[in-house]
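Please go over the structures that come below.
Here subunit A shows up in two complexes: once beside subunit B, once beside subunit C.
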Partner chain A sequence: MTVSNEAIAQAIAARFNIEQSRIVPEASLEDLGFDSLSQVDLAQLLRKKLGVQISDAQLSEVATVGDVLALANGKA
Partner chain B sequence: MVAEAVVVTGIGLVTPAGIGLEANWQRVVAGQATAAPDQTLEAMPVGISCRVPSFDSVLLGVKNPWQWDRYAQFALLAARQALEDAGLEAGSWTDASRVAVIIGSGAGGTATLEQQHAVLLSEGADDVSSLTLPMGLLNMAAGQVAIELGARGPCLAPCSACASGASALGMAKDLINRGVCDIVVAGGAEAPITPLYVAAFAKMRALSRNPDASGASRPFDAARDGFVIGEGAGMFVLESQAHARARGARSRGRLLGYGASADAHHVTTPHPQGLGARLAMQAALRDAGIEAGVVDYVNAHGTSTPGNDVIESHAIAELFGTRMLVSSTKGVTGHLLGAAGAIEAAYTLLALEHGRVPPTANLRNPDPQIAVDLVQGQARVQPIKVALSNSFGFGGQNVSLVFAA
Partner chain C sequence: MTVILCGLGGCLAPQIIDNQQISSGLDTTPEWIESRTGIRERRMVSDGLSMLDLAIKAGARALASAEGRAVQAVVVATTSPERICPAVAPEVASALGLGDIAAYDITSACSGFVYGLATASGLIAAGIANSVLLIGAEAFTTFVNPRDRATRPIFGDGAGAVVLRRGEADEPGALGGFDLGSDGARSDLLAIPAGGSRQRSASAGLGHDRVAPSEFYLHMDGRAVYEQAVARMSASARSVLDRSHWSMDQVDWFVGHQANVRILQSVAFELGLPTEKVAVNIQRLGNTLTASIPLLLNDMAMSGDLKAGQRVLVSAFGAGLSWGSTVLQWPQLTTRSSEWQD
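What follows is the complex of A and B.
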């Protein structure tokens, strides 16, 4: 199963109430307001809603939206 | 040791009457009600509320407003306003360990807790947000605001239900009196317009069911039938007089006295003789070192419930006489629960500053059992020097504050 970048951005925007236009590959997760706690929610969103197999530990190592997309596409 | 005098150097208000001091005062002094039908409460037994108009979390200027419960968002916005009003800049403290943050609330992040409980039941434990507690806990407005302001002194979140905001100001006064802090950013915040809170208050018959929404909050009126639930925050910058003088700050007035008591009677019904209310007011006068005769105006708790208003008015009359000027600004704002004490303290100070006693909105036919000088219709224009503000919470928890111009 593959998930489009668009679908991932859409899901993140909806779940965290962030404008979708800000969720671009070069955006850093920190600038979007994510921290070690909320990244756990991000991982859960990717697993549950998008079927991306990703661990909390894997997500804690990424820095940008682009990293998340790469991880999602590699693992989906 | 002589207690350090406490002055108010800044106020911030985010309430149903508006965002900012000017909008609030105009609406409160004109006695214009804010209660309106609330679409989010359509499935509830009572569908009226007092909402903060034009509130947008963008106003907070933080990159992650979605990690803040609504009550903490109100607290931060009001705190920023209060700092600006005081001419202070967050983070540029001379000694951050002498700057405290005290924010009272009754319900804390109840919206977050209710939403996540629904997630737990529908999706299971794995889907519960990792932010549930950082957003839901009752102390988090204080914690998050302290982080934003870089304030490293005591950080507290008193809960005395609907007296919480007043408790916060009283605790702030104590810290300054004792010389522990130079500056305390203190007040109350509440965002309780949620299904659980409205359903529970409705079940207690505490909420007005008046079909005329804007006339529903009518403290002291013979036809009052409950309060209207409201949201918002009121924040103060309190400073030791010495600290304020040293930096040339403008004083908006002095917090002279703080008194607290318990009814020790019943969880929700006031003591029938208003014993707890009287004890709190007496304690505040003692703390201020003044006689009852010096007080010119009482900003009452005045919830618009059948139980509170008559008993409170009797306690006021007993202590101050039947000629005491009394009004309740809840006719305008509804009842902001744990934020009420702080926003009403602000209105009390503004009344002193402007020499105008705000009227009780919607008060047309005063309850004949009430024998004090109720201000209704127009604001009463007269110089006032000392005023007292009452806040009483479920649990029989009472707080009175005395302010002077």
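What follows is the complex of A and C.
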């Protein structure tokens, strides 16, 4: 199953209380207010809401929403 | 037979330190501390005040809340005892005029209060005591490296206490089942490396000055602890609800150990609990380890947020690693402020 940018954006917006229009592929996670603890929460969100398993090591590599999307779709 | 919570009390260290004060001299800011932990201020001991002083006051208030009920045992859960030997519980019992009853300490870090509830329940179930005074008491700010920006702002000092008695399952205040667990393979994620027998054995005859001073303070792998805390508390909470035949929808309040507001929010997300059911007072008190759950219950009872008959899910996680959960239906209790002077 392919995870869409819209699905990721909706999930992140609801969980982290961020305006959905800001969650575009080129957006930096740091600019969206993510820190190292948010990355743990992001892994939880992807598993729980989108059925995607991402390891800690993989998450430490991501910098943008697009990177997360690529990981979720197995393209990273 | 079951165990009933019938008394509650708390006592906070008198000195309030806000984020501006705590961040002075550390490479951090008040905003960073609040965004990472949810903490705005905490209480700290000073001038020779110890966890024992806090424990005695909290214990006296819990006994008063239980209308002076006679107890046959005192259990103190602590991670910051004022000395390695002996246990402080006997001194608490003596100070409270309880005579020569059973009294001992338990060590299970931030899970200590839930482990204490289970231990006290065991004393009652075994017929060793009809009623037990359980106290979680900490002056852990004295065990935190004053130069460590990661751990220094997190902790606060205080004590919380409950009285437990033998009763029936349909009585208000009845404790439900327990879920307890541990993972010693991850003991290094939260630890004070020096001061124990291994370090003493290794440095015998050499003196403590051969050990780096930082080894006598808490070391914490914050991100790994965060991840484990969310996973373990969530699983433990689910397990105890199953054992107690409660559904998630029946829970009125999630009273989790106050380590970090973001851990509590993540556990709630994992469990599907609305955030308005997550009880929080960490912003005022910081992480008070074994005292956090009874201090939070006392705050909630005092404010009227926690009402008789409401269903409470209690869950804790801490060093060890260790974790535990239980449930109870809140009883009608007389409570008073946890402030030192009141």
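What we mean here is this: the second predicted complex is superposed on the first by the 74 of 76 C-alpha atoms of A that agree within 3 Å, B and C clash if a C-alpha of one lies under 4 Å from a C-alpha of the other, contacts with A are read in each partner's own complex, and residues count from 1 in each chain.
Going forward, contacts are C-beta pairs under 8 Å (C-beta built on N, C-alpha and C of every residue); 3 or more make two chains touch, one makes a residue touch a chain.
Computed from a predicted structure; not experimentally measured.
Overlaying the two complexes via subunit A brings subunit B and subunit C into a clash. Between subunit B and subunit C, more residues of subunit A are touched by B. When the shared chain is aligned, subunit B comes close enough to touch A:18, but subunit C does not. When the two structures are aligned on the shared chain, A:48 is found in touch with subunit B and with subunit C. Within the superposed three-chain model, A:34 lies in touch with subunit B and out of touch with subunit C [touch as defined at top]. Common to the subunit B-facing and subunit C-facing surfaces of subunit A are residues 35, 37, 40-41, 44, 48. Contacts from subunit A toward subunit B in the complex involve residues 16-18, 31-35, 37-38, 40-41, 44, 48.
Subunit C contributes residues 35-36, 222-223, 226-227, 230, 262, 266, 269-270 to its touches with subunit A in the complex. Of all residues in subunit A, those touching subunit C in their complex are 15, 35-37, 40-41, 44-45, 48, 56.
Note for the complex: subunit B touches subunit A at residues 62-67, 123, 126-127, 129-131, 134.
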